[in-house]
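Same chain, two partners: chain A is paired with chain B first, then with chain C.
== the complex of A and B ==
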């Protein structure tokens, strides 16, 4: 026993010493600690201030915006902008519904498609690995251009003016697929798959029961990307959707801001432009729409945060 | 009751959308799609299926009650032409341009689109062959030609071919100032006899001397009194090259450096130094928003009869209109609002006959513009109406000037009962410019144009607002424009213009 201890002890001491050393060398001095804290506090303020400003503008009285410009501290608060948004209601709530549906369904389907493509490519035993890798990679460099792309969705697969047009074009993303493939490669050792096989699991069972649960971090990362991508998208409705029932929130906002900018810039050279401009939502209402469109997506972050950093760093090694 | 109509409206839209989906799926027969309308009246020709015409317009939004209005319109149109209308409205600017240009480029089967020199670019799309040539139809159904007049219709033609028909509305434009009515009354100002942009100075001086809170002149980017020189531009706003707006000669000059313009820069510099112009004029974007704030006395504006009333409605402040320049008919008006038939349309003739209806049929025109009687508007007399709750109305698209014959529109109760008579008189007063119908082809000088644009963008704001010393800036401006190839550009403009003149 005593021998054992004497043998073990030096190890422990050395280990302790080692831990201590690394600790001091990693610890930052109080001065730089404060400086770093100030630096990141500033960064945080730079990020948060504009959002606060938008919220304050949306609460400022319209007349005051015109006279005094934007301010963090309006003299008079008013909920009129939100009143406008709520009474203009139908359109916005509908768009909200579209956005939420597209984001949820789109993210799930997209994760599915990406994983089902990435997983085989991560396996050594897949014979056509190189071809399919290249096939995906190729789309990252070359695209068909806008009009052919448009024709594919409107004439070949006729899904223009259906909810699917807001989902299908973003289902597959070669870059996310590559991150996911690398993630599978680094997280799932061949031996795990082998042992599953020995225990009698088929390929699908292995994938859904063993591999996917082990890759939660990667799924969360790509899931977050997809969620943001779908939620923030206004390009698909801009190009494809002609039925106003299928507009999403981001698009409504984009449309409003863009219209106002366009009419105000004087590039619209028709005599009625000033009259039209007057009918569009006021400054405050625009900001209210912006605040509302931030909405639920802000809650997606804490949910994904847990996995996010890990997933990003592991998956980021390309190869 | 409203609920059921809503549901019916929805069903109707679904049926319509579904039928459209089907037709674009299957290779359509040349006669077009099958009927989808619940037929109430007897169709004009029972053997022929009803054709659905797809129409794209630019506007604020797709009005919620569009299905109801279309249902009503389609009952009427079925008897009249055996057509049904599918109307889609997209937002100003990028929204409309992106959708329409992409659809046109892909050859989609759209039957009627709104186009102009500022939306779904008429020149570009017509030159690319995306629009159907309409001359044969114009000859065959002459009503439109009679209403518009040869001059105006020819003005919208490209190389003698009409690819679209313009709205019949004000056919000329002029420039002037809008000034605050309360201040005009307060100081008993004389607003007559102002026939040039600088003659407003005494008024500005009164305001400057007596109203410390108010800035005499409101300027935002291109919305400056420079517009009152009314150069007849050959290309875009920010591309040098223009003719004098009085047909004095056919020589194209660099309008940014013409003596009149330099005199203008100097005047603005004086005004700026005198405090007539706000310090931030060079960076302001939205003139109307500024006017709304109530901190400005005067603003330069493109005018037409009754413009002051229009701006009163949108700013909530009373304005007086001062007409400064003489009305002229330029390309700006002839291609300001047009309807075209895309080359992808399967039924160009039906589409044209429907367009004709917008010029000749008061019922259809007003139905599409104001919606349903007693639902969206009340008739006060034969030709005067009042909108029902315009702010929350389910159909208030403001389409009046976008298609057909605007003079067939009902007047609103707050409008001048003589509005259309005044418009007609205003149109007659206008001078048709020599350049009417000339379209500059940019292909040979595209590098020069973009280089010149960059230079102009860098200088015009300071010069237009008097924010900088004129002489050194103009010198620099001139040198940079020269380096950007302005001489080649203007020579090319002149060459094309001369060729066009001789051909004419």
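== the complex of A and C ==
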């Protein structure tokens, strides 16, 4: 053991020195480096500027918007829009409630369904793994289209205008399932399962007590994929929801972009007098809702980025 | 009943399906929730494609409506292809996707290569993070961003840039000629960062020794990129492109519906198959024709996926989807 270390150490040092040396000489010239930095700084600005613009609009006074339009540098900052959103927006809070419930419950259920489906397919000894892989995979290649899909959820499994319509259609995702299967395959050796079996653990016990805890990184990756999918979803409410109690944040934003009065109409307190309606910081308020809906994403962004890149590389290795 | 089942199982050979179910019952139970969701969400709608060949009338329930509606063969398709929309939406879908595929290959690969060369790795990482951010925003948010730039009364472009130049404000949401560029811009804005991450992961995976050897032989930076990086990225580039080509008949509904705010004047340049089918379902009573348009998309889309996959298979068998 001691011999091993003494033999290996000099090697490592030499290799490191070598790498360091080549790295500096194989660098681009300082001028090109500056040019590249300028190029990417511009790209970064283009990516971030529209987001900054809506943040600034949400902080601009309503009167100023009417005069100067949307600007990056309002003359006076005001929190009136947020004040309005927080104090008067029953509609808004309801929508947040729906979004949070759907995201949390949807992600948990979806993880369950995906992992339970992916695990048997990752088992070498499972004879029908190819059949069930294809069963899931085929849905990525061919679909019946929007109309029959719409009819299934309105006529056959009638969950239109219930909270479940915002969850059920996304529970199973063939692509995520494939990524999860790869995770299981690469982290869980068949011998672990074998030894659990010998120790008398049933399949379910093995899965929940041994397999899942070992695949925490995979769960985090797919969990974040699902979270993002549910939080950003506006397609299901657009197609199925007509009951305004079930609007999620995204769909509420969709509605308010089309009808600015929508926010006021749901809030009894403000609907009473048309005078108050005219005063209401509607332009700023809808941008404030947009900013609040981006908030959680920005907050969780470091996690998202880390696990997304992990998921992407695994997905790219073998779909 | 149970008794006869058991006799069948015991009588069948070891390779029988029922025997397998009995042996691995827990595994089959695990598969069930997923199977049920797939049947409801995907396989029953596939069967619903029959509606495209019928004159659809509602008859009380899902299945009886499909069965009892009158069979009219390809009439719905004939009707759909006789409208001027069939050509318009097919053209828009394919041309936009074509532009997105080309730009979505060239720009991210170039960016990934350049980003990898930036000397300060921390700044490079920061650029990557900022450019990846738009991928995480929904199309509704993107439509807000577009609106804050292009709004006719108070948008940043009309009120600040155009007014600053002393020109007449542009009625963005009523002028089709600008939209091919606006839509392409937002598509790139949302997805470039994501694709850069994919290519950058591949570039950082390349063995540094190739570059060391090339450098010793006196290869310039440009030569190193051209003769090492690009050839090593080639298979990923081909696969990403062919996968996108396979989906050339599927437009991104969010982009084409939300960003132009479903403005009727813009349909000639913003209407794609997906938005057309959605509006046909919502606004017209001709459900059968909407299904026909959707079926046309699904069938042609399926053919393109199979073709693309066939070509991927020829290039690199491991990268094929099936």
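Please note the rule applied: the second predicted complex is superposed on the first by the 209 of 319 C-alpha atoms of A that agree within 3 Å, B and C clash if a C-alpha of one lies under 4 Å from a C-alpha of the other, contacts with A are read in each partner's own complex, and residues count from 1 in each chain.
One rule holds in what follows: a contact is a pair of C-beta atoms (placed from the backbone, for glycine too) under 8 Å apart; a residue touches a chain by one contact, two chains touch by 3 or more.
These numbers were taken from a predicted model, which means no experiment stands behind them.
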Chain B versus chain C as contact partner of A:66, first or second or both or neither: both
Which superposed partner A:258 touches (first chain B, second chain C, both, neither): both
Contacts of A:53 with chain B and chain C, given as first, second, both or neither: second
First, second, both or neither for A:147, with chain B first and chain C second: both
Contacts of A:155 with chain B and chain C, given as first, second, both or neither: both
Partner chain(s) touched by A:87 [first = chain B, second = chain C, both, neither]: first
Chain touching more of chain A, residue-wise (chain B, chain C): C
First, second, both or neither for A:297, with chain B first and chain C second: second
Which superposed partner A:242 touches (first chain B, second chain C, both, neither): first
First (chain B), second (chain C), both or neither touched by A:163: neither
Intersection of the chain A residues that touch chain B with those that touch chain C: 66, 146-147, 150-151, 155, 239, 258, 283
Chain A to chain C touching residues, read off their complex: 19, 22, 25-28, 32-33, 36-37, 39-41, 43-44, 46-48, 50-51, 53-54, 57, 65-66, 68-72, 112-114, 116-117, 119-120, 123, 126-128, 132, 134-137, 139-152, 155-157, 168-169, 171-172, 177, 202-204, 207, 228, 232-235, 239, 250-251, 253-254, 257-258, 283, 286-287, 290, 293-294, 297-298, 301, 304-305, 308-309, 312-313, 316, 318-319
Residues of chain A that touch chain B when the two form their complex: 66-67, 87, 90-91, 146-147, 150-151, 154-155, 158, 160-161, 238-239, 242-244, 255-256, 258-272, 274-280, 283
Complex contact set, residues of chain B against chain A: 17, 21, 24-25, 56, 60-62, 64, 88-95, 98-99, 102-103, 105-106, 108, 116-119, 170, 173, 221-223, 237, 285-289, 292-295, 301-302, 304, 307, 310-311, 313-315, 332, 336-337, 392, 398, 401
Touch list for chain C against partner chain A, complex: 17, 20, 24, 26-28, 30-31, 33-35, 37-38, 40-49, 51, 61-63, 65, 111, 114-115, 117-119, 123-124, 126-127, 129-134, 136-141, 143-149, 151, 153-156, 158-160, 189, 193, 197-198, 201-202, 208, 211-212, 215, 221, 236, 253-254, 258, 261, 274, 277-278, 281, 287, 290-291, 294-295, 297-298, 301-302, 305-306, 318, 321-322
